[in-house]
Every structure is written in structure tokens, then in C-alpha cells.
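Labels A, B, C, D, E and F are assigned to the chains in the order they are written; within every chain, residues are numbered from 1.
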Amino acid sequence: MFGIQLISGTSNKPLSEEISSLVNVPLTSVIIKNFADGEKYVRVESTVRGENIFIIQSVSPPVNDSLMELLILIDSVKRGGASQINVIAPYLGYSRQDRKSKSREPISAKLIANMITSAGANRLLVYDLHADQIQGFYDIPVDHFLGFSIFAKYLLDKKLKNIVVVSPDVGGVKRANRLADHMGAPIAIIDKIRSKHNQSDVAHLVGDVKGKTAVIIDDIIDTGGSICNAVNEVKNKGAKKVIICASHAVLSGSAITNLQQSVAKKIVFLNTIKLPSTLSNKFVSLTVAPVISDAILRIHQNKSLEPLFVN
Amino acid sequence: MFGIQLISGTSNKPLSEEISSLVNVPLTSVIIKNFADGEKYVRVESTVRGENIFIIQSVSPPVNDSLMELLILIDSVKRGGASQINVIAPYLGYSRQDRKSKSREPISAKLIANMITSAGANRLLVYDLHADQIQGFYDIPVDHFLGFSIFAKYLLDKKLKNIVVVSPDVGGVKRANRLADHMGAPIAIIDKIRSKHNQSDVAHLVGDVKGKTAVIIDDIIDTGGSICNAVNEVKNKGAKKVIICASHAVLSGSAITNLQQSVAKKIVFLNTIKLPSTLSNKFVSLTVAPVISDAILRIHQNKSLEPLFVN
Amino acid sequence: MFGIQLISGTSNKPLSEEISSLVNVPLTSVIIKNFADGEKYVRVESTVRGENIFIIQSVSPPVNDSLMELLILIDSVKRGGASQINVIAPYLGYSRQDRKSKSREPISAKLIANMITSAGANRLLVYDLHADQIQGFYDIPVDHFLGFSIFAKYLLDKKLKNIVVVSPDVGGVKRANRLADHMGAPIAIIDKIRSKHNQSDVAHLVGDVKGKTAVIIDDIIDTGGSICNAVNEVKNKGAKKVIICASHAVLSGSAITNLQQSVAKKIVFLNTIKLPSTLSNKFVSLTVAPVISDAILRIHQNKSLEPLFVN
Amino acid sequence: MFGIQLISGTSNKPLSEEISSLVNVPLTSVIIKNFADGEKYVRVESTVRGENIFIIQSVSPPVNDSLMELLILIDSVKRGGASQINVIAPYLGYSRQDRKSKSREPISAKLIANMITSAGANRLLVYDLHADQIQGFYDIPVDHFLGFSIFAKYLLDKKLKNIVVVSPDVGGVKRANRLADHMGAPIAIIDKIRSKHNQSDVAHLVGDVKGKTAVIIDDIIDTGGSICNAVNEVKNKGAKKVIICASHAVLSGSAITNLQQSVAKKIVFLNTIKLPSTLSNKFVSLTVAPVISDAILRIHQNKSLEPLFVN
Amino acid sequence: MFGIQLISGTSNKPLSEEISSLVNVPLTSVIIKNFADGEKYVRVESTVRGENIFIIQSVSPPVNDSLMELLILIDSVKRGGASQINVIAPYLGYSRQDRKSKSREPISAKLIANMITSAGANRLLVYDLHADQIQGFYDIPVDHFLGFSIFAKYLLDKKLKNIVVVSPDVGGVKRANRLADHMGAPIAIIDKIRSKHNQSDVAHLVGDVKGKTAVIIDDIIDTGGSICNAVNEVKNKGAKKVIICASHAVLSGSAITNLQQSVAKKIVFLNTIKLPSTLSNKFVSLTVAPVISDAILRIHQNKSLEPLFVN
Amino acid sequence: MFGIQLISGTSNKPLSEEISSLVNVPLTSVIIKNFADGEKYVRVESTVRGENIFIIQSVSPPVNDSLMELLILIDSVKRGGASQINVIAPYLGYSRQDRKSKSREPISAKLIANMITSAGANRLLVYDLHADQIQGFYDIPVDHFLGFSIFAKYLLDKKLKNIVVVSPDVGGVKRANRLADHMGAPIAIIDKIRSKHNQSDVAHLVGDVKGKTAVIIDDIIDTGGSICNAVNEVKNKGAKKVIICASHAVLSGSAITNLQQSVAKKIVFLNTIKLPSTLSNKFVSLTVAPVISDAILRIHQNKSLEPLFVN
């Protein structure tokens, strides 16, 4: 296919390869390395002049390195004369720092937006932002895909009955509502008070889970503390079975152990972040590659992305 | 006081006068008029050169006229040599259009952010944005005040017991949570499906309101349809008493009549938007002037605003 | 025709339809509505990705609403991935506020220029700006069409003899000169002193109108006060017949009545602003649609607009 | 005086010295030289950190060298940490190229505006722009002084009677009107057709000059061709005496000879451009230094410039 | 060839014509003139709408005029609707002012970079910048061609033996190293102390030149003082023969005489600057036209420039 | 001292503390932490409103984390209302990527410049940039300090005789020349060919080192490979003693071991990067704190930095 190029960063190479295979365009050969002092170096090995470039790079841990790699890739294709630079960051780190909750805090998600834009990106494609409003941090078009329909398809295939969708905190109710709406299920909420960063206190459950299959949905599982508390709370309130659906498997610290040991039956992730290869079969990975591949082709062919959002 | 000036637009003159009185700085004399064809014209009548200017103007209905008036005021003091231009927009219209929910929608709240910034504002002070993330639409400092503590003080003064804080939709749960947290009360949520713009279908209540005083909290009351449905739903589910707390009294169409006729005991507003003078005593107006006045003085004296946020 | 789209705002739908018909491209389906609180909402109903978009919207009264509608339309197609955004604003309001005449006045026409540009427009097409220099407020290309040749054609068709072209004020002499030059006629000027905004005092006539057909030319008729005074002055000085040619029919207040009752034989407008449907046959409307349609096609086909300016 | 510095370019050193003397601030020592290849080099010899800098440099012939010198001066004080950079360009070249009159012409005056702004200027002070609207080419404050009151004072001191103010072309009628208004005199206009750049054909005179003292006013005298034709035309139509008032003495080619040989009694210039030292006493130079000096002090002391404009 | 246009400024017309002939695209007809007062005026005589424009203009003496001409050309094609504006400035003046060496100096090369970019250029093509880092002054792509391979080809054709490549100062060692590397020759350096701008004191030679053919390489020959001192120093240290290779023939003051009278056998220039027609056969001019022509075609056809850099 | 604040990042706390002590201003209390997923979080604990902020943070390994920490610190004080944000980055990573040496490489140093500027920095203070021209990557003032005078003082204190200053590559000759100039010593150069990134082949020595004390000067010691080869080459050519002076102790991989085992007598660093605490006494650290402290005070008191550069 003439005029389109896929360039993969190093943060999620398997996803890039899956997309490349679906789009039927080989990944452009790129040198990406770390100098001895940790500085990133990149060089695209064939011409990008006048081409429609799609750079695939999740801003996932090591997050600052992934970000810098993305920015340097953008700079190199910009200076190389690319026609359009589309950034595909299925997971976009720093999105949780999207507002000031105290005086003299940064809004790091805006900082990242300004970096990506001023480096030269013409378009951004992301999955399940922490808040929808982050689209508005950008003046370039942002295509924001929601993973709930992928989770819904998984749940429907499992023919689960009597479902309640649970948000593990008040910030995620809208996300729970979307899935519930789609499934025709009610919602419940864990109304917790978050005492300090990254640590969470479950307060109590609002809504009814007794005897039901509780699907706890969240955008990010980081240390897993908050989600495991949610599992316990839901179980204590009489849920029959618990399934976790989370878009981005950040999985810091002892997250994997915690999740493995929890009473949740299944932990279902999207593959926006490269998953460890050694997870037990309690963990399920659902791919976003078909949607992203379709989006790439539609963008390249000047077709609307609307059909990809509607369902 | 040397070096500070308060300039009031026409959208909420009473609030400006209240602030002027508290700050003990007279409003700078300004000519603001509409030409015969509806174009806004402004002229500041005394020098602003080198001064620290605070422009007070809610972007409230007629929203496009209020916005244009604000922008032209900014332009005139910028070209007049003002040192700092602080915009105080207690209500900032278009904030609900803060994300694309469908293809080819605008993000009007970002458009407004770009307008205010490029006109020359150096700082923005707002009350109860529709979403906290709108702060991140700006690269200038945004001081975002939350009205819940004013509502809490009102409710505590009334010595209400057995309260439940109700969010009229899933998007407002965080707001409900803040007030509930502050009051030590539980929350409940109306999990509705919003079928079309400005019309709403109540779905069902999540949480328990039976025998309680339900405080329904929202940021904006526009046509009032959604909030009145919430009142009914809560009442149907056995709430003893219903009180509405809403920050911004947009009050379009037959909103006043609907609210007056509803079973809510009290409808409590902030005065971020100029309230009609003829409301019955079922309506209560709480003033934001003390907080804003304190903020203006602190900004002018280079003191932290933190004490105003903490409480 | 592939790749071109015409999007019409609501300010002058008949002109858009005339253009659409001449260009032979249907108007793209767009939802434009006012929310209950007066906020504008737009949504383009079919894909604009990669397309060459022409947005047709005069910034005419209600001028702030028309402007906001234009900006939101630009934002929505920008975020929707349009390739080029051409704004066609046959009448561009606020153009009279194009300089500071007193301290601490705004230059609102520049503010509008910055808004249109930063919203995402790539090109602007306008008719009869209040001053030619407003082109220079923009860093994007501005195609500035002059209506005098349309007026000239009308006057020549009427086979009027012994014409003098009259400028109703000193600011419009260049405009009068252009028409006079084109007709081979002399000019005269009303040298008035403008006492206050929107009100005018005729001072005296410079030049000779005795026994001649006086064609008074102006860019905008707003309240009509100034032009009616000019008619009287010209008539008092012995003009045989008076014809008014004005590009933009703003027609505020009692303008229509004043013009109808004046001794002018004909009042000739361009249709840059939607004219009231109930005007007497003393009023004549000349269409700009053929020129604009030709310009649209030439822009889309990368042909020069020069032939459209020369004549 | 602490905190203020005057930096003079080389284009009009005498004016800078006059201003320096009136402001009572010595000119800051600056090295300005041309390298052998014609590149400009500047270095400010004492610290500018945190200072309020006024750079005095007319953009007069050799115009490109003067402009570059101005820009490099701005850059050097910007990088040197100046607090505010005020550019005083009594004559601002390229102002006549302020609009496109044909396809594929530049708008050079906007280009200059962008250069001055992006180099780092915070404010611009100019005299008698070719068009008032050029103020709107800038987003920084522009103080635009008009020389007509200086001319008026000169004419009143001469106790001239029975004056008519003549504009040498249709573009300058507003300028003539301002002076006439101020003097209580009528106006007349030379309605010429400008055939080619810099050459002009007088067409005919509109208005009455017979037996009067004709004051021809223009902003710029370049080659002097057009103004000398105007003198002849006015004289032919019976003017008793002719006086020329022109703000900017560009005086290209044989302008001085032409003016000297014309029947004009006096040619009165402002000293915005350095005048040749050898002019006959037919030429009169009026100084703008007092107004500029007053403006500098008022800007530095944060006082309004309004009193300087009103008179 | 459709869609490509070559526009030549006046600074190096012979090179433009050579390029035009090689690219097989005629130079677009352009009016470029100086007004009587020295202001530049340009007008492109045929349409540029949607075209891929290459403007060829060295920023060579008279450097400020050449620069302004370039910027005005860019502005005119930008406002005329050009699709891409490629600036080809084989010699880019002001490049030596690329850093602050003393307090309160400008960085004029950055100023020029900002001017070219903000005027509207999309790409810059240059030869032998004074420092490679100047590429980084731009956020648009800069194609930086190095002339050493042209010199090497010349030297190899001459079958010179026992070569040493000499840098006339410490700043040019990298340049000498490139040529030496390419030729398999050693290097030597004149370690001088530059006392004042444009004047130079030879200190002493580092390295060995005895009995060798010394090829002194520099980027610019301005007054020629420094290079002639280098010739003498090299000769004094026993070099058998001296050849000068310099990219840009600025040739200020008595440079030509100095070079003619020096003991250098040949002075070899690139034709990035238009050479005087009367030089003796001691001077050799090598053309950059083939490389630039190839680059233009590759850019227009979206091919990589890499093959042009590698050799 | 009122109005000044020093904020230290985590990359070189000892230097910050030394500066704090010399400036006599305590370090402002700041929370800086890494979230579990590696995202940086910062919060300044006391008000910065209206203050003159100096952020001290070397962009040293882990370079991407250090950079992100710096940017987030800038963002937080910008949004907190700081008056001036001065960034002190004694070592500024990525400076070696300051030009494209091959097609489709990035210019990462410019990317970093744009990031720092657009985050909100008003001024940058750095030590020994890889190339002086990097100053020109910025439009904000950059104070570029050179360490050679600190090295010179050290060498003079040691009363070393018969010195030759050696540049380990052709890119560093200017640096060697500065030190040599200052010491009245000759220079020599290692004319190597750098085969691949971070690996180097010594070619041969240009100049004379026999029997001399060779001071090899470089800006950065990364893996140390190139400098150790230089030591060997110099020793092989008969140098009596070898001393290494290098500004920035990046010290990747086995650099410390290599240097320890080399025949160099002393390895002298500046403390722009935090040095390992366990180095042998073969390593010497010279502090930049006095110069930086003096610069901070001078900037804060609006005094010239010139005296700090001259020496």
C-alpha cells in the first residue's frame, strides 16, 4: 500500500506487529536504542518524505522513557518531511494527573499534550483515557476509543447472567454506566475515600450486588490495591462471582500477586500495554488491534471513524 | 489601594458590586454598550497602564454576548497597557461541551479557553466547572473554586439530620461525593439514560434514600427537567424531604415554574449568575463574593489561595 | 464532485443555497441548534475527513451568535479531520472596529481575526471590508472581493447619464473613487463630523452634484441615519436624482422606514446579509453568489482568482 | 532616573539626542556597526537586565538596514534580560504596503509587524501611519501619534487666513479632514488616478481653492512627484498660496529639487526621519521630540497617554 | 512538469537559471523591484495556488536587502495560496552570528531563522552552514548540504598528491576533518587568536605541512584577511603548494586583490554566491546546481535526499 | 531575602544545597516522588505566587526521568503563579544530539529546548554546552557558563609547567583552544574517526606533546572509551604526564574503572552532575556552586552577569 507507514516504538512491539499484520503494511525499519547514559536515539531507516506516518507507542512504564522515545520519533519523521504524523498511543501515561487537586500541583497530562503537539503530531489515537475531557487538552484531532464494547462482547460470549457493573470509585461511575447501559445491567459504586496517593480505603458499597455476578470495571490497574479492596467489598456484600475488567494493565509492584490471590474469577485486560508473558490463565487479554487497524485504514483512506465508535 | 482595578462586565453587576464593596476598591468606570446592530463596544474610562486588572464577567445567557463582551474587555485593557489581566468568570458557559461524544462535534469549551487565552488573559478564576479537567484546557493558571463548602455550611446551619447526598446523574457522582464526604453522609445516584440533548430519562436510583433528607446536588440547572425528575424519583423511593443545591442558576425556559412546582423544599443556588429578582422564598441564594474577594486580595498581595481551597 | 463540501451556517441560508446550486454541490447536512440557555451546538452529519471544506456564514446580526456559530463550525470540522477549512463570510461584522480612535478602546476586528485563525480556518473570503487593511489582520490568505463592479453593472444597465459618485463621509472616498473610476464619473464627498457613535452630522458637500444623478455609495447601512442625511444634502445641493448603493444591509432599528421615506429613488444592496422578505420595490438586491461560486470552484481546482478581481 | 534606558539606533540620532535631553536620561552606550559584508552587528555596552528599555529607531532609508538594525537591537536586549522593550519608530517604513491590491502581492507591513513582535517588542510607538488600521496588525499595544496638531499649531502661529486643506489623493482625505476639522477649514481633494507605482497622474480637483491658502497635507513625501502635481493643480485652480505639510520626509531621488522648484511657499516636515542638513529655508522642520519624550515618561511612570492624543 | 514552480530572487540569478535548466522547469515570472525609497516590492505574475514552490535566493550582500526580498517573496506566495514553500538559500547570511560570545549580543542567526519560519517557509535548503547546529534553530526541516565532496572531486581530478588539509582556525577543524577524511589525508590547524571582529592574528600552526600540498578549507571568505594570513603561515612552515577551498565567496573590501596577490595557486569557490565576472583564472568556481536540482526533484517527487548526502 | 525561591529537583541535591547555603536562601520544601508506575509527581509545599523562582535540576542520568521532573516542576510553579521561572540545569542532557548527521535523525536538543520553553521557563542557565550554538535553540535568555576558567585555576594552583592542551576529537578544538589561550599554552588534537555511536577509534595526534604535561579537556565523559584512547595516544606520543579535565561526569558503564586504570594522573570534574561518593583520590571534583550562586543573586538583583563571564 503506497503512502502509508507504520512505525513502532519499543513499548508494545507485539501489538504493533498484530496491527501491522491486520493492516497488511510491514513495520518500517527503525533503529531505536539507548545510549550508555540512557539517552534515547532513534533513526528511521527508509524515507518518510510525503508519507502518512502512524507511530505506535504506548506511553507505559518506564513511562518517561516511553514518552521521550515517542517524542524523538515524532521529531525525526517531522524533520524527515513526513506529510502527516498520526500518533497511536493505546495507553497514554500521566492521564491521571489531569487536574489540580491541590495548590501548586502540575497538570502533567496537559504538559504531555503540549509536548506531543509541539513535537509535531497531527493526530492522536488513544484508548480509554482516564477522563474524556483530556481530548480537549489538544487542538489536534483526538480519536478516543472506549474499550467497554470489547469487554461487553467478552462477557456476552461467556453467557453470564444476572450481572451488576461495579465502579470501584466515584470517578469511574460513568465508565461503569457505559458498560451497564450496553449490557442492560444495573450499576453499583464503591464510595471510598482515597486517603493518600496510590493507597485507598474502601468505604462502602452503594447499590445492590447480592447474588449477582459483579463485573468491576476500571481504566487502569496500577498497584491493584484499590481494585482488590473492591473485590473484597463486593464479595462481602454477597456477590456470587467477581470479574475484573480493566483497560490498561500497568501492574506495578505486587499487583500481579495481589490479583492472582484475590477471589476474582477472571481479570480481563486490553492489550494496550504489553502484558507479562507468564500470567496464569486467570488473566485474560483482549486485543485492541482490530479496532486500531480499522481506524488506521479509515484515516488513511479518508473514511469516517464513526462506525468504529458507534458500536 | 494602589495598582488594583476591578472592571465589571454587564452579566452580573450585583455580584461585582458586592465584591467591590468587600475588596474596598470601586469598580473602574467603563462604557459598555451594544451598537444598533448588536456589536459590543467597550471603553475603559481611566488609565489601566501597569495595573493589576480583575475583570468580573460571568459567561452566562445571553452567553455569546457575555463572552464577546468579556473578550473585548480583555482586548481593550491589553492594548491599554495593563500589567496583569485576571478574568473572574464565576460561571463559565459552554463548559458542558467539554468533549466529543460523537464524531464531528466541536469541543466548544476548549475553543472558549483558546479565545480567552489568546485575547490576553493571564489568569482565570471560576466556580464549579462542569468537569475539573477543564482547568487543563488552559496553559494560564486557573483557580477553580468549589461551591460544596458553601452548600455544606448552609445545610449545617439548618441542622438537617439523616442526610443522603444524591447525584442526579452518573456524571455528577464526584460532586455528590465531595459534599457527602464533607457532611459525613452517604450518597445515592440516579442512573439515568440521557436520550437527547437537554431532555433526560430517569432510569432508577442506586443507593438508599428512604426516610432521609435527600440533598440533590448539581452544577447547573438549565431547563430543570432533569433535576425535577430526580426530585420525583427520590421522593418515590421514600425520601422524607428534598433539597436542591445547584451552583449555577442558568434557569432556561420554564425552569423557574418547574422548580417552584416541584416537591423540593428548597432550591439553593450560588449567585454566580444574576438571579431573577422575583423568585419565591422557596429559592435561596448563597453568595460567592466573600471567597472571590478574598481571592482577589490574595492574588494582588501575592499570597497563596490555598486557605480558600482547603476549607 | 469529489473532495469539496459546502457547509452553511444559519445567518444567510438563501445565499448558501444559491451558491450550492451554482457550484452544483449540495449543502452538507449539519445540525445547528441553540440549547435552551442560548449556547450554540453544531454537528456535521457526514464525514469531512480529508475534504476541502467551505463554510458559508456571514457574521451578521445577531452578530455574536453568528460569530460563535462560525467558530464552532470551524472547530468541529477541524477536529473531524478536514483537510482545508475555507471560511466564506460575505459580511464580516465588527470590521468597523478596526483601529483605536481613543485610549483604551479595543480593536475588535483584530480580535475576530485572531479567533477565526486560531479556531482553524485556512483561508477567508469576504466582500467589501470596511477598510482594505483588514486583510493584513490575518496571516492566512484573505480574498477580498469588491462589490463596486456589481453596482457598476447595475447602473450601466439602467443607462443612467451624468452621474456623480458621492461618498457619504471622508472615510469612504476611496470606495467612491473606485466606482467613479470604473464609470468614468466625477466624485463628491460629504465632509461631515461624526459627533457620537452611530449618530452623524452632515457638514457640507465638497464637489458638484447640481443637475446630476447622484450615486451615494457606502459599505454598510446600519441605522441609515448618516446615509439619509447624505441624500438630503445631495438633494439640497441640486442633484436631480439620488441612488444609494450599499454592500451590506445591516438595517438596524428604523433603517428600512427611513430609507423607504427618503427621496432616494433606489436603494441597491448586495445580498451578503439576508434581506428582509418584505421590502418594497424601491429596494434592489444584487447577488454575490456567482462571484463566490466561481471563487469556490477556482480555489478547489487550484486556479487563480485573479480574473474575478480584475473586472 | 532608575530603571529606564534609551537606546538609539543609527537612523535618526539627532532625534534620539533631543529626546534624551528632554527625558533627561542619557542614551545607553551601544556598539552598532556594519561588518565588511554589510551584516549588522550590535552590542549594548551596559546591563539592561530588568530595565524598561526604549529603542528609538525610524525604519527609514536605507530601509532594510534600518529594520534589521532595529530587530537585532531588540534581540540583544531581549536576550540580555530586559524587562520591557518599547520600540519607538517615529517613521515605520513599508507601511504603504498594507494591503493586497493585486493577486500575489505581499502585505509587507504585516510581515514587518510580525517581525517586530516576534523579535520581542512589547510595545510600539509610531507617528502618522499610512493607515490607522495598521495598529491592528499588532497584538502588542501600539501608540499611534498623529502629527496634524503639530502642523495646526505651526499654521495658527503663522496667522494664515482663508485656508483650505487639500488632500493630494483620495486615500488621504481622512488626514486632510482631521487637520481641517482642527482648523475649522474646508477640504478639497485631488481625485487622481495612480497609474503605476510611485508615479501619479493628477485627474482633477474636487472642492474649491480659488483665492485661498491651500495647505496640502500628506503622510509621506517620497519622490515628490505626486505632491508637486498637486501643487500645480491647486495653483491652476486659483489658490493664492500653497503650503505643504508632510509627516515623513523620505525624499527619494530628485524630491528635494522638485520641491525647491515648486511654487509651494513652504514645505513643512516633522523630524521623524533625519532631514538633510543642507535644505533651503523654504523647508521647515517641526519636532516630535516633546510629544515622544512625554510619552516615554508617562509609559515609564504608568500614566495614561490620553492627554497626548486628545490635543 | 505539473505542480512545481521555481521562483528566483535577484541575489544569484545565474545559479537559479542553471538550476531551472537542470530541473527543466522555467523560472516563474516575478516582478521584483526597489521603490525609490529602497523598499522592496515583489509580485508573482502567475498563479501559485496549490503549487509546490521553490524560492531560490541566497542571503548574500547586500545582505539585508536579500533577506527582505526573500521574506517578501515568501509572504506573497503564502498569501497567494501556495501549497508548500521551500526556501533554497545556498548561502544564508548572518550564520556567523550563531551564539552570544559576550553579554548583550544578539543571536542574529536565530532571529533570521524565526523570520523565515514565521513568514511561512515550510522547508529550508542550505549549503555549508557556519555551524551544523544552525539546523536546530529551525523547527521546519532543514536540508544541509556540505560542499566538501565537490571540493574533493575537484582535488582528485587534479591528481594532487601528498595533501594536508588545513583549517585556518579552530572553529573550522571539523570541516577540515571531513575533507581530510574523504581524501585520506592528515589535517593541520592554524591556532590563531581572533582579536577583534573581522580582524585576525595568526598564532601558530599545529600539525605538519612541510613539503606538502596544503589545502586550506573555510566556509566563508569575507575580507580574506584571515585566509591570506593562513596561506602565509602555511607557506612559511614549508608547504610546497597552497590551494584555498571556500564555500561562500562573500569577498568584501579588497578580498579579491588580496587573494589574487597571495601565494595560493588556486582559490576554489562554490557558486552559492554570484561571483564577479572579472576574476582571473586563479579563481575557480564549482557549481552546486546539480546537487540542488537533484534535491528539488527528489523533494517534489517525495524521494529521499539521502543519496545526495552520503557521497 | 524576599521574593526569591530556590527549588531543587532530585538529580543533584548536594549541589543545590551548596548553592542554597551560598545564596543564603533555604531550599523551598517540595514533594517529589515516583508513583508506583514510575510517573513523576511533584508538589511545591509553600506559595510561589509572584516569586522569582530558581529551579535547580541537572538533566543527568536517568536522563528522561530528570527531564520530566524538571518539566513538571516548571508546570507546577507556572500554574502556581510564579513571576519568573529560571531553570538552572548545570548539565543539560541530550545536548550531543544537536544536529542531523544522517537523514531521518532527530535533533533532540532542540526538542528539549522547545519542551523547556513551552513548559514555561523564562530563563536557562547552563554549564559547558556541547556546542555554543545550542543557546540559539532558545528564544528565552540562556546564560552559558564555561568551566575552563575553573579548570585553569586548578591547574595554575598545581603550578604545572610545560603544558599542552589536548582536544580528544576535532569537535572539541575550540574548547581546548579556550583553555590553552587562558593558560598561554599550545594545543594538540586527536584526529580520530568516530565509527559508531559511543565507540571511537583514535586515528593520530596532530601537534606536539612530547615531554609535556598533556591536559586533555572534554565536555562530557560518558563511557570514557574515547578519553582513555586519547590518554594512551598522548602517552604513546611521549607526554610526560596526563591530566583529564571534563565538565560533566556522566560516567556510564565501566567508565569509572576505565578511568581509574588509565595512566592519567588526575581526572578533574565539575560537580554539575552528582558524583559517586566512592571515587578514589585520583578523581577531583571542582564546584560550580560559587559561580551559580553569584549568578542567581545577580539575576535576582537585576545586575549584569558579565563579570562572571569575563574571568
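Please note the rule applied: a residue touches a chain if its C-beta (ideal position, glycine included) is under 8 Å from a C-beta of that chain, and two chains touch if they have at least 3 such contacts.
Computed from a predicted model, the values in this text were never measured in an experiment.
Trainee: Return the chains common to the contact lists of subunit D and subunit F.
Mentor: In this structure, the chains that contact subunit F and also subunit D are B, E.
Trainee: Chain by chain, through touching neighbours only, how many steps does the shortest route from subunit A to subunit F take?
Mentor: The fewest steps needed to get from subunit A to subunit F is 1.
Trainee: Which chain is most remote from subunit B in terms of Cα centres?
Mentor: Greatest centre separation from subunit B goes to chain E.
Trainee: Of the chain pairs B-F and E-F, which one is connected by the greater count of C-beta contacts?
Mentor: If we tally the C-beta pairs in contact for B-F and E-F, the bigger total goes to E-F.
Trainee: Among A-F, D-E or D-F, where does the C-E interface recur, judging by over half of the contact pairs matching in residue number?
Mentor: Over half of the C-E contact pairs recur in D-F.
Trainee: On a C-alpha centroid basis, what's the spacing between subunit A and subunit C, in Å?
Mentor: Here subunit A and subunit C have centroids separated by 50 Å.
Trainee: Centroid from C-alpha atoms only, then distance subunit B to subunit E, rounded to Å. What do you get?
Mentor: 61
Trainee: Could you please state the distance in Å, as a whole number, between where the Cα atoms of subunit A are centred and where those of subunit B are centred?
Mentor: 33
Trainee: Would you mind listing the residues of subunit E that make contact with two or more other chains?
Mentor: Answer for subunit E, listing residues that touch two or more other chains: 47, 79-80, 100, 102-103, 107, 110, 114, 139, 142, 304-306.
Trainee: Can you identify all of the chain pairs that touch?
Mentor: Result of the pairwise touch check is A-B, A-C, A-E, A-F, B-C, B-D, B-F, C-D, C-E, D-E, D-F, E-F.
Trainee: Which of the residues in subunit D come into contact with subunit B in the complex?
Mentor: 123, 139, 141-142, 298-299, 302-306
Trainee: Which of the residues in subunit B come into contact with subunit C in the complex?
Mentor: My answer: residues 33, 35-45, 47-48, 61-65, 67-68, 71-73, 75-77, 79-80, 93-94, 96-97, 100, 102-108, 110-111, 114-115, 118-119, 197-198, 222-223, 250, 252-253.
Trainee: Show which residues of subunit A lie in contact with subunit E when the two form their complex.
Mentor: The contact residues of subunit A facing subunit E are 46-47, 49-51, 78-81, 120.
Trainee: For the complex, which residues does subunit B have touching subunit A?
Mentor: 98-103, 107, 109-110, 113-114, 131-137, 139, 142, 144, 170-171, 173-174, 176-177, 180-181, 186-189, 191, 193, 204, 206-207, 304-306, 309
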